[in-house]
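Going in written order, the chains are labelled A, B, C and D, and every chain counts its residues from 1.
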Amino acid sequence: MDVLPGIDPRAPLLEVSDLHVEFRTQYGVAKAINGANFWLSAGETLAILGESGCGKSVTAQAIMGILDTPPGYVTQGQIKYRGVDLLKLSENERRKVRANRIAMIFQDALSALNPVYTVGFQLGEVFRKHRGMSRSAAKQRAIELLDQVKIPAARTRVDDYPHQFSGGMRQRVMIAMALALDPEVLIADEPTTALDVTVQAQIMGLLADLQRERNMGLILITHDMGVVADVADRISVMYAGRVVEEAPVYDIYSRPAHPYTRALLESIPRLDMKGQQLSVIRGLPPVLTDVPKGCAFNPRCAYARDACRQDPAPPVYQVSQQPHRTARCHFFREVIGE
Amino acid sequence: MSDLNTVTTAEAPGGQPNVPRSPVKKDKPRSLAGDAWADLRKRKIFWVSVVMVAIVLVMAAWPTLFTTADPGACALSNQYKGPTGAALFGFDYQGCDIYAKVIHGARNSIVVGVLSTALAGVIGLFFGLAAGYFGGWLDAFLSRFVDIMLGVPFLLAGIVLSNRLSSDPKSDGIFAVTLTLGLLSWTSGARVMRSAVISAKNQDYVAAARMLGSKPSRLIFRHIVPNSIASYVVLLTLLLGINIASEATLSFLGVGLKNNAISWGIMISEGTQFARTEPWPLVWPALFLGVTVLAFIMLGDAVRDAFDPKLR
Amino acid sequence: MFRYIVRRLLQMVLTFFGATFMLFALVFANQKDPIQALVGERPVSESQRIALTERYHLDEGFFMQYWYYMKGLFTGDFGTSMTGRKNWEMMADAWPVTLRLALIAIVIAATFSVTMGVYSALKRGGVFDNVSLFITLVLLAMPIVVIAPLFQLIFGIELGWFPPTATRDATVWQLLLPAIVLACIVIAPEMRVTRTAVVENLRADYVRTARAKGLTRTRVIWVHVLRNSLIPVVTLIGVDLGGLMAGAIVTEHVFNIPGVGFNLARAIKTEDGPLVVGFVSILVILFLFINLLVDLLYAALDPRIRYE
Amino acid sequence: MPGKAPWKMAAGATAIALLAAGCGGGGSEDSAATSNTVVIGIGEPQHLIPTNATESNGSEVLSSLFYPLVDFDAENKPVVVAAESITPDSKNTVWTVKLKPGFTFSNGEPVTSENYINAWNYGAYGPNGQGASYFFEKIKGYADLQSKDPDGEEGPKKAPDPKAKTLEGLKKVDDATFTITLSAPFAGWESVMGYTAFYPLPKAAWKSEGVIAEGFEDAIIGNGPFKIKGKWEHDSQIVVEKVADFKGEAPKVDGVTWKIYQDQQAEYADLVAGNVDVQTQIPIESLGKASADLGDRFKKSPNSTFQFVGFPTFQKEYQDVRVRKAISMAINRQEITDQIFLGSQSPATSFVSPVVAGYRPDTCGANCVYNPSEAKKLYTEANGPKEIKITYNVDGNHKAWVDATCNQIKAALGINCVGGEEPKFADLLSKVEKKQPVGLIRLGWIMDYPLMENYLGPLYSTDGSSNYYGYSNPTFDNLVKEGSAAATEDEAIKKWQAAEDILAQEMPVIPLRNGQNVYGYSTKVNNVTVDLFQKVNLYKIEVVG
């Protein structure tokens, strides 16, 4: 493995601070991420939660360094991996971080896998390009990997094309591909959304097993609070490009500190609330070229007052020290207190 | 020319946050066409090409707005004279006013180019759709027919068709040339359309629509065509240029425009003869032709980009 | 796959008959006075007319002429041209040089259009994209009757970079300039189609995956994007290859290459029915083979396509 | 970043492909370029059997392979070459040809009178379909060699064999002497025999009597100063080399490569590039630069081409002679030859070419002088048609001058004038035959032998082979016939000139231009001359240094 200069094994595994990403389109500048902060330790699972379009995937892409530039630009902030700011690396150094240190799993494995190459080729490519292995050695490793992600008859299936696999199997291939080089950080972007429920559970189980075995840090990006509850250690809730609340999973579920989190929780159908009307969050998420002044959530918020409608947006409030939790709401006490 | 394609570049990739697809009009339902129009309106390149195409079309429709000179009034005594007051571009080999000829030549070139391309576009669309969508023996039959069409040299078919189609000695041959070019130039489009349809047909959304009981016609025109049309439109805008040029080749071979009809193609092939000593009679019509074709292609590109949600 | 190929080959036989029949009808429809056409502006004497009419069955009906032709074909006789030479001999003379010309042209066109198409897709809106677009369009908009003599004039005579003409036994070097001329007509469409396909594929999810794997940009583009973008390009190249063989009429004329295009033009001019049908039949067969190849290439390029 | 990679890849791939494609191509560089040989450009000959070679390319190649009975001197009078003597009887009906002794074909066969007789019989025999068979029309018995189609134009029945296989008028006297009996007296016969059709053929030519051996045409054997090397490489070249012990006048070069071009522009490109040594006809497109490109190696000499337009007699609107005269006067010939043809042709003011004996300038008189006001007056008087058309074949490069002529007519007469385009000459003729309103017909004529009769007969006689417009005047026909039968050439010329005067009165055609050879040659050669028949004089041309 290539040695990354300035690496500090004692530094936090991954630390994102004050990250800003904007998309410069012909219709104006869309601020996709406006100061995201979170960290990840080895062996830990951090869930990033939010509605679609809130900037979850962009955050992941910014960490991976695979934003489409143009139109996407990281304008501010730091992404530190073991103390090294990835944003300051050259493209070539950055490229070597990918797959080696930080890997990613995508939502729709069918479109995320190249349809015209065999899975063996696509898996082996990682070894060939990063480890300089021969084609045959790379294929051998690909078979082993497929075995590890519990794909039956890996030896024969290695020469199949993505479209010949079922959805769950494809996602396993994706996972195998991400884990090929034993990365320390794995980012899973909605890994189970496209799958049916039983397969979802299998895949989540597999991910959890593999994480435990390798002591990886896992960032799980999802909009599904049900999935989160089972596997995550901590949760960051994103809204309109900001982390509006961050807390251990138990605390969030029991006492959300941000109205948005609260609204999300209330929109989960629960058995014990049978017969009651399911609550729905009013309105739509804002369009990013036209984010409301002040707190971006204010037009949809039951707690909103004048202060919420004025710039600047609410700062990061420390909700509690132990456990560490934060929220971006002027009235978080009120929200928790209820 | 500076930013011909910039408009197509600055789009958010799929799975991106809520970057607006068009100027925000809150809570108003948007149709594809409405979206596309809203999108187009913002594009500089769209307006540039629209203006250029409009100028050419006006030139084709009312040439006398641009010049009062008679393009047929030529005298050898004027041969290769430089620009004068009315004759902005000077005179050619025959002593004709190049400016007047270029202006008056626009009509035939545009009519032939646009109509033949439209004809070819329609034929190619239906052939490609039928072959690609229905497959089976129909595909085999149509594809082999296309093969034969492609195998028959343009020259042979052009000569035969033009001869058959223009029996009236008084006609200027525009109808015959248009029909000939239309009937001969649809084949490559048909093949491109066919392969686009075949790949679109296997997409999930088409399967889904089929499951939902869409009629084949609806399936084709609502689902497959809009998704396969992008590369086809690009090809057609190119074909327009090719057909305008092909008219010149047919005329050059004596089966094109007749009875002293003027067209850019004819002017260009005449100008080529003496280009070594007198380049201007070639340069002017070539410039007009080039700019016109370019305008159409730019327009096609902009419209294509606006209508193709994948590219937006 | 095997059955598919066999079926296509069988179709080919049928198509061939259909093609010769259609061609014969076309040529027949266009035939007015081949004897006069043969001698040009010279007067034709009565006895000469009688002799030639008899020799070429010109006074017999369309079906009889077709019958004579097919009968000859089955005995391996492509017939006799109105010039008195054997058709197969003329074809054997003409095809090799045209094939080489078309191949060189298509290789030049494909290489340039694919590389430039990919490059301008990557640099959309950049100077390279716009300039190459403009140049290829200008070349496209020029009729071949203009490009061929102009290129000969500029590069062959004034600058002297290339030999101005070629012959039947031309070297690649001699065929280069005419091949470039031929390539000019097809580069613009091929490049545009490549560019469009690459632009579409650049947005595909698998491109993001490939980048997330830490592959270099070069590899992402030339291995992952390109392969997916090639289907429309290959279709077009297949069509163009055939078109170049038939469409080289003006180019072969200008560069003095006695190939298929030149022979066809002469045969059409002299209303030399058997020769036209002979050449074009071979052209059609070549087309059918190229198309079969292209269709098989689809399957090779995209494993999702299967033929039964 | 793929910054420069695509270019490199493109270049590399191209290079590989070119190498691959190159495997098929032989590297046949001209080895002849260094030796004492010349490369002369021609078009692909239609045929190389002398009696079938009716166009200039074939006859030019044959002129290197054969030694003619007669040739023409500077005054275009016939002089014997391969013949020792050619003597007519008192009535100019029986001509005796005596051959020079010792001549052989290049395969060693001696040249005898039989070689001539057999070749000519073959050429005259109708079923052989020889293009030049009409040259033998004047020989007694020609009609017996022709078959008559029994069921008209389009009938399917096989024509019966002709009555005879040999010309009654050809008689062998001995191996070196034979006589030709004409069906009618003709003073100019000796000139006729200067044509390509009158070459002999060796015994090797015959498979059996009257049947040419297969493959003979592609490797034809002649009695001339050169012999063919290898075979006729169709559409590519014909290489000829010197015959070692040739008895006649020896050429100064050791060989000639007749390089075949489909296009004169391509040939000119090669002339400038030095790949061809002589081009006998430089295309108009290149004339503007020819002086600059070639300097004093760009030359002109007269030839026999005569360009004109004919009025179809079946179109009523041209029946008034005033209309025809007015149109003729509306045309400024000088302007067209100067500006459209850049001086490569000259204005025609007579009905025959200046190269023939008996030519008088300006026989057309005032009718061929540009006079727009008089033209307009005459045209208005005669109430000529409001629109006229000049029909031409586009494959012959006629558009430019037809357009220019039309523009002049439009300006002078105030009427409309359009060019009627036909793809090729045969299409034009078929319209004329169907009597469609073609308007003025574009025509041209190249002589077969240098006599006035060769213009007057085919072009203006009632049964003239190229009289497509249907002009018919019995007085004229008689004068031409009387001229041909006259005892001496001077008498003949007088009759012919009288006939030409009738044409000037009636204006069945408008003479437009006389052609010239505009030729050029490379620095490698010298002493290049091009004759009336557009052939390079192979006995004078030499390689420099």
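In this text, contacts are C-beta pairs under 8 Å (C-beta built on N, C-alpha and C of every residue); 3 or more make two chains touch, one makes a residue touch a chain.
Quantities reported herein were computed from a predicted structural model and do not represent experimental measurements.
> Can you tell me which chain lies farthest from chain D, using the average of the Cα atoms as each chain's centre?
Following the centroid criterion, the farthest chain would be A.
> In terms of Cα-based centroids, which chain occupies the most central position?
Closest to the centre of all protein C-alpha atoms: chain C.
> If you tally contacting C-beta pairs, which pair wins, C-D or A-C?
Counting C-beta pairs in contact, C-D comes out ahead.
> How many angstrom lie between the CA centroids of chain A and chain D, rounded to a whole number?
87
> Report the inter-chain centroid distance for chain C and chain D in whole angstrom, where each centroid is the mean of the CA atoms.
Chain centroid spacing, chain C to chain D, equals 36 Å.
> Quick check: how many Å separate the C-alpha centres of chain A and chain C?
Whole-Å distance between the two chain centres: 53.
> Distance-wise, how many Å sit between the C-alpha centres of chain B and chain D, to the nearest whole number?
It comes to 46 Å between the two C-alpha centres.
> Give the residues of chain B touching no fewer than two other chains, as numbers and ranges.
7, 9, 13, 15, 159, 163, 252, 276
> Among the residues of chain A, which are close enough to touch at least two other chains?
Counting only residues that touch two or more other chains, chain A contributes none.
> Could you say which residues in chain D touch two or more other chains, in rising order?
395, 423-424
> For the complex, give me every residue of chain B touching chain D.
Per the touch definition, chain B meets chain D at residues 72-77, 79, 93-95, 159, 163, 169, 252-255, 258-260, 270, 273-274, 276-278.
> Of all residues in chain D, which touch chain C in the complex?
My answer: residues 1-2, 5-7, 9-10, 13-14, 17-19, 21-22, 24-28, 44, 46-47, 54-55, 126-131, 133-134, 145-147, 149, 154-156, 158-159, 162, 217, 233-237, 260-263, 265-267, 269-270, 272-273, 275, 395-396, 423-427, 429-430, 443-444, 458, 465-466.
> So in the complex, the part of chain C that touches chain D is made up of which residues?
Touching chain D from chain C are residues 32-34, 36-43, 45-48, 50-52, 54-55, 59-60, 83-85, 90, 93-94, 96, 100, 103-104, 107-108, 111-112, 115-116, 118-119, 122, 149, 152-153, 156-157, 160, 163-165, 167-172, 175-176, 217-218, 221-222, 252-256, 258, 262-263, 269, 271.
> Give every residue of chain D touching chain B within the complex, in rising order.
By the definition above, chain D touches chain B via 284-286, 288-289, 332, 335-336, 339-340, 393-395, 399-400, 403-404, 406-408, 410-411, 418-424, 436-437.
> So in the complex, the part of chain B that touches chain C is made up of which residues?
1-9, 13-15, 140, 143-144, 147-148, 150-157, 159-160, 163-164, 187-188, 191-192, 195-196, 198-199, 202, 230-231, 234-235, 238, 241-242, 244-246, 248-249, 252, 265, 268-269, 271-272, 275-276, 282, 286, 289-290, 293-294, 297, 310-311
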